[in-house]
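Take this structure, written in structure tokens, and hold onto it; I'll ask about it next.
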Amino acid sequence: MPHIKRISQSVFFVLTFAFILFSACPTGAQEETPAVAEVSQKLFRADRTNVLIFSLIFAGVILTYTKLAKKGKPLFIRKIAGLDALEEAVGRATEMGKPVLFIPGLQELDEMETIAGISILGRVAKITAQYDTPLMVPVRYPLVLAAGQEAVEQAYIQAGKRDSYNKDCVRYVAGEQMAFAASVNGLMMRERPAANIFMGAFFAESLLLAETGNAAGSIQIAGTARPEQIPFFIAACDYTLMGEELYAASAYLSHEPLLLGGLKGQDLIKVIIIVALVVGMVLILTGNGTRYVELFIPK
Amino acid sequence: MRTLLPLAIAFISGLIMVIAFFINPEQKTVGTISQDLLIWSSIIGGFTFLLGAISITRVNWKQVSMRKPGWGYNLLTVLAVFVMAVPALWPAAWLPSGWERLAGRNAGSIYDWLFLYTATPMSQTMFAILAFYIASAAYRAFRARSTEATLLLLTASMVMLWRVPMGEAFLLFISPDLPGVINTYIMGGISLSVQRGIIIGAALGAATMSLRILLGIERTYMGRS
Amino acid sequence: MEIFQIWVMAFFTLAIFSFLYADNPVFKFAEHIFAGITAGYYVALYLDTVVKQQLWQPLTQDFNSNWLLIFPGILGLLMFARLYPRFSWLARIGLAFVMGTTAGVFLMSELHGNVLGQMAGTMQIQQTGGEPNYVLTILIIIGLISTLIYFYFSKEHVGALGATAKLGIWFIMISFGAHFGYTVMARISLLIGRVYFLWTDWIGSFIT
Amino acid sequence: MNIWQRLAGLHRQWIFILVWIAVIFPLIVPATFEISTTPEVKALYDAVEALPDSSVVMLTFDLYPNALAETEPMTRAALHHLFRNNHKVVTVTTIPLGGPSVAERVTRELAAEYGKVYGTDFVNLGYKPNYVSVLKGMGSSIESIYPADNSGTPLGRLPLMTTVKNYADIAFIFVVTDNGIIDFWISIVNAQFGKPVGAGVTSVMAPKQYAYIGSGQLTGMLGGMKGAAEYEQLVGKPALAVTGMGIQSLVHFLLIGLIVVGNLGFFMNRRSQAKKGGGA
């Protein structure tokens, strides 16, 4: 099995090497195939070739790792502190027979952070289903309501607890951000949940929810990809998932090879980006990097 | 059929948007199709807001009908939804003359009055409460327990000083170019580079999630059955 | 603003501020009205601006050039299938359409605007006051790489990788501290806005 | 409970009372301070100053009602600046709740002050959902996204809108916002249509924008109330933002004092426990 790992890594380093080489003579490639150039000129936005190449590398790496994962290749992912605390917190709520409050962020369903929040909700709901711990999921958008109910219903079915699934545990609380925060704050002080889990896109209300939850004495685990709100979650919560750890969380919790594959793929892209950055900096500092950087500028 | 059709729709609509990204804007065909898809998805989104109203009414009405403790408050929410939504959608023509202004959503309507004089002050006050919470969170959390926590509270205190005139004067007193160092090297250097790191990391995470949705690997949002 | 409006605004302001002391009936009253009003606000707004202006009017006024709008209309109506468990799978079609379109847009804008954009922005000599600042340039590239390494999942953070990750979390904590300090002003200015209203408009109205 | 344990464990109500005092006291005893201008604010001011005479500027009200204390002074200072340099102003918003009505109220109030006429000197397009299609759509044709303005008048009947078809006819985009929409004005409008974008943002969002200023994708920024106060001073119209700075200073010092006191109590406690532990 190890040789597959070595082959795939060498393939991608060759790819990055070609990517860097290609940057050295960008005009060359187009001249060789004039016919294609005419057609593509009219239709294809030549100024976005860099995005096309980067996207192909990106998709290639992510899909290859996903396929490797599907074939059962062992994938090592380091421990993410906040996530063990998640299972522990829900366990504690079960012992105390107090509810778990889960908020999949305050954005519409068409935000990737909300999708990550919904898929983590699916994993948490599976645990609460097993122990019949009450679960409260206030949401702020109707599409998130629909997706949340689907995710929780599936979790209860898979845990064999279809009958104890209550459709109204996922509920649309209010339209506006602060009305949502006011309602959830009231809910926290009245229901006193044992664990508050905030996973998704949050804005100024992050501290409103987390500080009230702290006053209500709940264990709090938060995760958001928005850099502006992470400091407030760090100040008021017990554990905070930062930036892309939110996206890694659903893969990590599910232990599903397909999702773990994507995570490993992202790591390799990160290595490629770091290599490209270091090469760029060396070229820039030695004064002849303009054409290389030109390659990355979004048009 | 139940899962295949939605997955196919997700793939096709996503692919069109990806292709549209690479097509010259003057190219009418794919350009307008992608534009239409965006308008279509906002139309679908528009419908679901009625679902939202139904959910909030049903959940609160259940509390009222079962006379759960505090059902009076839930009745208030149900009434507020209708008092706000119905006049706004009520055609002005059906109102006796002189009362038309109360319908619709423009200035002078019930909708606008309730929004300006109840919802707006309440959301402004919820925001104002953050000033108290930021003080209590800073006091409780900013304790020099570890190197990281110490770095957090030292930088926070220094930037707080830098942001206010009296504080800035104090920093200038310590050394004339300290505010400049904070602005260039902390805000424009360390903070900027970390923001970039998190933006790039999160962008890769979001792009992977988008790819999974397009290829139907990520389906929790529509139930995996 | 007439006196009646000022008193209504002052009542709801004080009702929400009362939560600072403790959860109380006045706050519960204001909170439940607040939830209902904003839900009603969004329902009226979206039905008017989207369903009426972007769907009903184009379909009724000029059918043959807008007949395609029937599809989003149907998919939108299908969303109500959620209310009946047996047909709830029909709602998935509309859901999948919205998700597919958005995933397509985000896949490109994230890679294009955020990843490439930020990389391009980093790979240049930083200027301070028009002068090239090499220290800043090196600081940014180190900060960026150590932050990316901190979020590296595939290997345990030990040895050289661990040291870079440690540097990364220090950079991250400095950045979050700076951000926290920078935000204090925003929160206080919103409190100033409220206290200004209570002090000048409300109390002012019955003192002068 | 010795003094240190009490200092390290103040109940949150005491802290709230201290904040109340710090906010109300300067209202009774007002004191203002001279405000220095940061480079980002100067860059935005200079960018607007450098715009060709009577060119069209798109001013956005992408803001919710709750952050008005920070964002409204920015929109007012921007409108003073734009109307004084007699630019044509087109206002839009991607926020349904508050955006349209605040834009209508503030723009009409200041337009009256400068004798500007609706339809020829300024137009409020109001709100349309799905910010991605709005931002992208206005690149090809504004009319396809906004068939009518905020009060329902078709664009054809507004003289200003007959000359402004899409971003090509707009010289500068001045975004005033309290949420993440600024990222899309940059990654869609600036990156894909090459339009210069300047922004007034709330304090919490300002640090993230440094990344965009550094890469030239954002031409200048007003950061929070301090940025608004600096811009008010540059435009020569000091208002709420400037007077608020006195309160800001007091509360900032209170916060720093609380952090110091909290840590003092924390250290003294740890030392006394260590001593007790060591002694036994």
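First chain written, first letter: the chains are A, B, C and D, and each begins at residue 1.
Just so we're on the same page, contacts are C-beta pairs under 8 Å (C-beta built on N, C-alpha and C of every residue); 3 or more make two chains touch, one makes a residue touch a chain.
The structure presented is a predicted model; accordingly, all values stated were derived computationally and were not measured.
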| item | value |
| --- | --- |
| Pair of chains whose C-beta contact count is the highest in the structure | B-C |
| Length of the line joining the C-alpha centres of chain B and chain C, rounded to whole Å | 3 |
| Cα-centroid distance, chain A relative to chain D, in whole angstrom | 29 |
| Euclidean distance of C-alpha centroids - chain A vs chain C, Å | 16 |
| Overlap residues in chain A, where contacts from two or more other chains coincide | 48, 51, 58, 109-110, 112, 115, 142-143, 146-147, 150, 172-179, 182, 204, 227-228, 230-232, 234-235, 242-244, 248, 263, 266, 270, 273, 298 |
| Numbers and ranges of chain C residues touching at least 2 other chains | 16, 19-20, 28, 30, 32, 34-43, 45-46, 49-50, 54, 79, 82, 92, 95, 98-99, 101-102, 105-108, 110-115, 117-122, 124, 126, 140-141, 144-145, 148, 151, 172, 175-180, 182-185, 187-188, 190-191, 193-195 |
| Of all residues in chain D, the ones touching two or more other chains | 12, 16, 19, 23, 64, 66-69, 97, 129, 132, 187, 191, 202, 204, 207-208, 211, 214, 226, 248, 251-252, 255 |
| Arrangement of touching chains [line / ring / star / complete / other] | complete |
| Residues of chain C defined as touching chain B within the complex | 5, 8-10, 12-13, 15-17, 19-20, 28-30, 32-51, 54-55, 68-69, 71-73, 75-77, 79-80, 82-83, 89, 92-108, 110-112, 114-115, 118-119, 121-122, 126, 128, 133, 135-136, 139-148, 150-151, 168-185, 187-188, 190-191, 193-195, 197 |
| Contact footprint of chain D on chain C as seen in their complex | 20-21, 38, 41-42, 45-46, 49-50, 53-54, 102, 105, 109, 112-114, 117-118, 120-122, 124, 126, 140, 175, 178-179, 182-196, 199 |
| Touching residues (chain side chain D, partner chain B) in the complex | 10, 12, 15-16, 18-19, 23, 33-36, 38-39, 64-69, 97-98, 101, 104, 129-130, 132-133, 136-137, 139-140, 144, 151, 207-208, 210-211, 214, 226, 245, 248-249, 251-256, 258-259, 261-263, 266-267 |
| Residue ranges of chain B in contact with chain D within the complex | 25, 31, 35, 38-39, 41-42, 45-46, 106-107, 112, 115-116, 119-120, 123-124, 126-127, 131-132, 134-136, 138-140, 142-144, 153, 156-157, 160-161, 163-168, 183, 187-188, 191-192, 195-196, 199 |
| Chain A contact footprint on chain B (complex, rising order) | 21-24, 27, 41, 45, 48-52, 55-56, 58-59, 62, 119, 122-123, 126-127, 129-130, 133-134, 136-138, 140-142, 152, 194-195, 197-202, 204-213, 215, 217-218, 220-225 |
